[in-house]
Amino acid sequence: MSDATIQATADSRARSLAGDAWDDLRRNKIFWVSSVLAALILLMALFPSLFTSADPTDCALARQHDGPSGGALFGFDFQGCDVFSRTVHGAGNSIEVGLLSTLLAGTIGLFFGMTAGYFGGVIDAILSRGIDIVLGIPVLLGAVVLSARLSGSGDDGVTAVTLTLGLLTWTSSARVMRSSVVAAKNQDYVAAARMLGASPARLMFRHILPNAIAPFIVVMALLLGTNIAAEATLSFLGVGLKGDAMSWGVQIAEAQKHARVAAAPLIWPSAFLAATVLAFIMLGDAIRDAFDPKLR
Amino acid sequence: MTDVVLETRDLVKHFKGEIRAVDGVDLQLRRGETLGVVGESGCGKSTLAKLLVGLEKPTSGAISVRGQDMTRLKGGELRRARRNIQMVMQDPYTSLNPRMTVGDIIGEPFEIHSEVVPKGKRQQAVQDLLDTVGLNPDHINRYPHQFSGGQRQRIGIARALALRPEIIVCDEPVSALDVSIQAQVINLLERLQDDFGLSYIFIAHDLSVVRHISDRVAVMYLGKIVEQGHDVAIYNQPTHPYTQALLSAVPVPDPRLRGHRKQIVLEGDVPSPANPPSGCRFRTRCWKAQHVCAEQEPLLQIRERSPHPSACHFAEIGGVLRGR
Amino acid sequence: GCGSGDSEDPTNTANTVVIGIAEPAHLLPTDATDSSGAQVLNSLFYPLVSFDAEKNPIEVAAEKITVTKNNKVWTIKLKPGFTFHNGEPVTAENYIDAWNYGAYKPNAQSGGYFFERIAGYTDLNPLDPDGAGPEEASKPTTNKMSGLKKIDDLTFSVTLSAPFASFKSVIAYSVFYPLPKAAFSGDGVLAKGFEDNIIGNGPFKMKGSWQHDDKIVVEKYGDFKGVVPKIDGVTWKIYQDQMAAYADLVDNNLDVQTTIPTDALANAPADLGERFQKSENSVFEFIGFPTFLDQYKNPNVRKAISMAINREEIASQIFLGSRTAAKSFVSPVVSGYRENSCGEPCEYNPTKARDLYQTNGGPDEIKITYNVDGGHKSWVDATCNQIRAALKVNCVGEQEPKFSVMQEKLEKKQDIGLIRLGWVMDYPLMENYLGPLYGTNGGSNYYGWSNNAFDTLVKQGSSASTPEASIKKWQAAEDILAEEMPVIPLRYGQNVYGYSERVTNVEVDLFSKVNLFEIETLV
Amino acid sequence: MTDIKARLDVLPGLDPRAPLLQVNDLHVEFRTRDGVAKAVNGASFWLNPGETLAILGESGCGKSVTAQAIMGILETPPGHITRGEVRYRGVDLLKLREEERRRVRANKIAMIFQDALSALNPVYSVGFQLAELFRAHRGMSRGDARVRAIELLDQVRIPAAKSRVNDYPHQFSGGMRQRVMIAMALALDPEVLIADEPTTALDVTVQAQIMNLLAELQRQRNMGLVLITHDMGVVADVADRISVMYAGRVVEEAPVYDIYERPGHPYTRALLESIPRLDLKGQQLTAIRGLPPVLTDIPAGCAFNPRCGYAKEPCRQDPAPPAYAIAPRRTARCHFFREVLGD
Amino acid sequence: MFRYILRRLLQMILTFFGATFVVFALMFANQDDPIQALAGEKPVSASLREALTQRYHLDEGLLGQYWYYMSDLLTGDLGESISGRDISALLKDAWPVTVQLAVMALVIAAVLAVAAGVWSAIRRGGLFDNGVLAFTLLLLALPIVVLAPVAQWIFSLELGWFPATASRNASFYALLLPSIVLATTVVATQLRVTRTSVAENLRADYVRTARAKGLAPRRVIWVHVLRNSLIPLITLIGVDLGVLMSGALVTEWVFNIPGVGSKLAQGIRTEDGPMVVGFVSVLVIVFLVMNLVVDLLYAALDPRIRYE
């Protein structure tokens, strides 16, 4: 069989937007760079011992703020713990908090934004005012309540922080989503699909959503970063992770106190955080572009 | 009459309570027939089309498709009924989802009405449709922006055809196309009509195209039909002043006639549909207007000097100069 | 903004100083139990007694304080000629009214418990018989304590419900300040707005009202008859957070910060140089054992854990020398303190600790619970790291959001682990470090330790005829603690304070208060 | 008038005797991820003052792109002008600095866009968008510019212009929006007006008004008009000469009478045959068979050869047919123009 | 339009009650022992505990407490915080400085977001764009707990450009550094949203028209593109203002600003239901008004949007 026929058969098989997007992504360098970065970070979150053999809990005040030595690439922190090892072991909780809370916030924001934008009228009014109510709840209050309620059930703070951020930070994404859905739903192609007898779910998910989601993706990628960092602020306020749970946020909140004496323990977890956010922002941009056939 | 597939009675659509986009339209469409609709831009043609296919809810009046009152149907019944009446939208580009491949766009009707074509045969069906409308079946994986205007228009037609409806409402399907593609599309529509016994409502600005394709023509002005009749009657013996003005303005593709045509130039602006003139709506721009026109609304009916229905108190066959 | 406070930049006004505090919870003396409130009151009021260098009470506003043989009836004679800032003369009634107001239950004064030694206190504070149960507490029958009697305009007597030899030290505390007649709008009813415009009998008077969350400005009271301070006024500048105060101190916007936060200590010597100082205070920090739990019932386990902790290392590395290692159960600031009364169990000895721990079967995991809002994480983590290294068992710092949650868990005798605790004395007596903390009914005995012999000794000490005799008994009680180790003494606090280039002669006393009579400006 | 206008007249190399507008061998390509789309492949035409040149051609053959290239508003990237020149009175605009180029726009050469709905900024009143021109190019005051804007709206027959000048585009009907666009293009008295399908989507009465208006203004100002359109009727009505484009090339150029009489290129001929005619009612229209070329892969030789009835071997080979002068002022790019003319 | 505003105002009342109830319920859920919380680590005598419990109805259930609160509120009395201060006085003290701080921060963030967002949208993928991205990442990676003290240290103490702290009556200048710090919490998102939206609008047809009109590139961007791109930014700003008011906690601490954030935190810490609800009530009103303003701004920016 010649190349040409293979080409022809391959070409005539129906492809979908997702498939095309994937084809496109596969050829996108930025996509690969960012996903390799993201994969590394995920791997680090799941299997920290692949990256370091040093015990993050092996700390001695005698080594306080010592410089890099041996296995301790980034030196030691205030407690005399290995900064590198703690950064690697902290990835798990940070990524968990960041990803899950963003996922939760994204889901809620998507649902509220889409429903409010699509149905409009009374439903829109109710949901929009609901957003206002949620906006009125101070994040600290949510964190305090959840961390107190959940600490009974043996939570080391990860669930509480995740839930707090997930439940309280979706409002801007909901509003952004709502306005782009409103814009998309008045398009002719939506009317065309309705004319064919498409169900509301179909209109929403096949037609409106793909065309309205781009700004939402931008907001989400940033929310991931903001939420990972927010964990640091919550830890600083004492409603973050508990006990000896490790995370970049805890590290940053601790290290900032001694920043003027030793900057390395602050810089490294921050750098990892920045790399994570960068990976997801680039990933978000690449995916968004891939799903825009006009850019192809 | 059994062969009437579509009928409206006193169809009215008001936007926001005041804009009278469609204001009392009665029309009938028979099986295998093409009804051309012409009129000034903004007179309510697209709104009428949307009402017919159920994209807008009428403020009042009835639409029946094969005796079934569309305005009363709900949910699943309505969706099934909709299969029978489809539309080709005015703007081919905006009516195609930019994030779907052409295959998905044309295949969507099959997915919605999954009983029409079994799953395994859908791709074939889509390719057949592409072939029918004269597009390369290999192009199913392309996106709308990769096609030319005429091709996009044909994608819209293929989608409308997918469910084998009896009626297709075409809202200016050829206005953005060059003449040769326009010719292709019209040929296609006519062939499909012959093959499948389709009925068309054909909305267009280009009167020569309307004349070519239509069996009957309705002329709209400001939400109302002002004149209706067979194509020959309308084109050769228009009795409503607006129709006469409209026809006089048609450019003729023959440079030799330049400057030899008598054009009726309509003075004044189109009145706002939010605040239409009393009585006859055309009277503000009509050279024949009299007192009675402001007081009494002329009905669309056969008149003394008009062998076909015309909504003018002074309807008469005028000597409009026609080319060729 | 408007008003006088706005136009005037306190730092530029000659001969006044700016001292940083937190927002006081209250300024009414009987309600002001926090250190910020006490600081401000210290400038507005003149106490009956204060302490000399040996921590012995000496009369100040009082001319003479005498007591009956049985240590029960105390007679207080005031110095004549003193007036409140509104001109009212200070009389015995001003004390009686103020104290009665403070003790009366419906007034809900947080310092009310200080009066509980005075006869008649219980009449003003009938207790709900069934606690949280459905029965309502009976209403107080009177709002006057029977133990307070006016003798003449400048003399009154205080009858205690039980003998107490050191009562004179107690009344140095700020809840025992007098209030002028103007404070009350009726019998026992506080005048509206008085708290924001306190009228005292001290060297300074309020200038304008209390500007909540912002500042309290006081200026010299011209008619003051006591020792006259060298400065003309104080601006008590209120900070939400002590790090902000520190920044202002470095920036010379603040003249005195009495407690430099730990996070700034590393830089303070460099930032402030000579103006960074230390002095002793009464803070005592320790870890309590939940003695109701089986695994901590054995005193040897408790000693083993104590020996695993290197107090000096933490004091120098974590607290950067702002604390000192504690090896006794009372603070060095009280008389009767003995160095290292704890003995070997308070010496760092990891090998011995491990042996002792293993032979006595200590638990596999040690938790140290602390309230997260108090900035304890660093030292708890360090302590745990030491314990982990020494005992080879896991040790984690367990956070609770608030102190009250820890309390609640202790009350319910839940598995809470070791708890971090601290103590600041109310008056400079050894007893203040013993009774409340380890007495069977001690107000701060959260860990349920109880020892009859100890209780008796403390009580005997309190009712002994002379302070020396008291101390003997109390030291005996302390020895029992060393034997039993219900808590692990960790550290004594120090005032680590700093001041600006504008001031000199800055002293900070045992109670972390700036000595306003000594401080001077350089302008 | 003002110094800006004055400065324009001293453009280096300005030659009052040269043709008003001359496009020579223009090439434009779009560099996309799918390859290079050659939208314009050597288009050439010229325009004299007071003349109307109609550009005809299949949709997608590069008419709008050519217009944009002349205006210098091609989106770069992806669009690139790779070769050719655009001379305004002898001055090659492509070689001017952007600053000078900008002053030519609207002042000398103005354009009416294909889609008036999206070509007007939805968030500014039409008055603002008109007045902006006078304020930016003539340095007029706000009030003066507004007065001029109202005059212009009057001129393009917007009724009650004074009261509508503050309305927003969406408050105008399609025809009115199109007229606003025209007003905008005419505002600074340009010497060349490029009208890209100015009347598509308008009904014939409005179309007639607009075409009359344009003709009148053209007469008054001796303005050159490039009219891009699909409507053969309109072309027959107003054009002096016609350029027919196919796949980015001008395949035939001739005075209007000649073309309608005797087309010289098979494509032109096919176009004319596609027009619906009364006598053909009930019959199929003659459409051109086959598909327009894919721009990333234009056939070798004459781009029209796969769809052409006359095509023979030479048509399928490069180079493409040259512009044969088939009559005075008339060219066609077809090797077999004689046969075509003769038929 | 008028009826629309009226309707929104009516919705506001309901929302107000909803929000106060939700927050009240949360505070109630958070309530362990407000009396102890107030006293810190000091022991609370039984007598004091009883007296305070009665005074603040702490022994009532959620609905009971809410009822007391609301019935006071409806008579115009915001009540007393558990620490004994008049809540209306607390609000009066804390709000002005917070509003000033938040508005300044918002203006700074928006100006920066627009300037940098527009510029990097024009030069997509260029040096400036990547620089802005790096800057964004830096802001994201340095949470406010790091940024605020570091900024204070560098700009106030080391360089001496700004006063180290502000206060309730701080001048515009003294609030400048705190508001810049606060602005960093929202600027990253605003910036990237602006960038996306501008990049999209740059491709619009009317931009081509504007260029064809011979307008200067600057005018094309700032007049024609920007206004069309502002809607998503405005959406965010509506949300952000509130976030800046209630979330300024760390900034307020570091710069010693006795504003809403620190008061809220204090109320939450001390389980002071009435005080927190008092602050949140005002906050919710601010939100509601702000979102109404945002919706009206939509209409002002885009004449196609009409409310009826």
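By letter and in written order, the chains are A, B, C, D and E; residue numbering begins at 1 in each of them.
We take it that contacts are C-beta pairs under 8 Å (C-beta built on N, C-alpha and C of every residue); 3 or more make two chains touch, one makes a residue touch a chain.
Owing to the predicted nature of the structure, the values given are computational and were not obtained by experimental measurement.
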Inset, instruction - Moving only from a chain to one it touches, give the least number of moves from subunit B to subunit E. - result: 2
Legend entry - Shortest path length from subunit A to subunit B (each step joins two touching chains): 1
Legend entry - Centrality ranking, top chain (CA atoms only): E
Inset, instruction - Report the inter-chain centroid distance for subunit C and subunit D in whole angstrom, where each centroid is the mean of the CA atoms. - result: 90
Legend entry - Computed distance of Cα centres, subunit C from subunit A, in Å: 47
Inset, instruction - Report, in whole Å, the distance between the mean C-alpha point of subunit D and the mean C-alpha point of subunit E. - result: 53
Legend entry - Intercentroid distance (Cα basis), subunit E paired with subunit A, Å: 22
Inset, instruction - Send over the residues of subunit C in touch with two or more other chains. - result: 373, 405
Legend entry - Junction residues of subunit D - those touching two or more other chains: none
Inset, instruction - Can you check the complex and tell me which residues of subunit B touch subunit D? - result: 38-42, 136, 148-150, 172, 175-184, 186-187, 190-191, 205-209, 211-212, 231, 245-246, 249-258, 263, 265-266, 268-270, 324
Legend entry - In the complex with subunit E, residue positions of subunit C that touch it: 1, 5-6, 23, 25-26, 31, 33-34, 105-110, 112-113, 116, 125, 127-128, 132, 137, 211-215, 238-241, 243-245, 247-248, 250-251, 253, 371, 373-374, 402-405, 407-408, 421-422, 436, 443-444
Legend entry - Contact set on subunit A toward subunit C in their complex: 57, 59-62, 64, 78-80, 144, 147-148, 151, 157, 238-239, 242-244, 254, 257-258, 260-261
Inset, instruction - State the interface residues of subunit B toward subunit A in the complex, per the touch definition above. - result: 50, 53-55, 78-80, 82-83, 86-87, 89, 91, 94-101, 103-104, 107-109, 112-113, 123, 126-127, 137-138, 140-141, 143, 145-146, 156, 159, 163
Inset, instruction - Report the residues of subunit E in contact with subunit A in the complex, numbered from low to high. - result: 11, 14-15, 18-19, 22-23, 26-27, 29-30, 32, 133, 137-138, 140-146, 149-150, 153, 188-189, 192-193, 196-197, 231-232, 235-236, 238-240, 242-243, 246-247, 249-250, 264-265, 268-269, 276, 280, 283-284, 287-288, 291
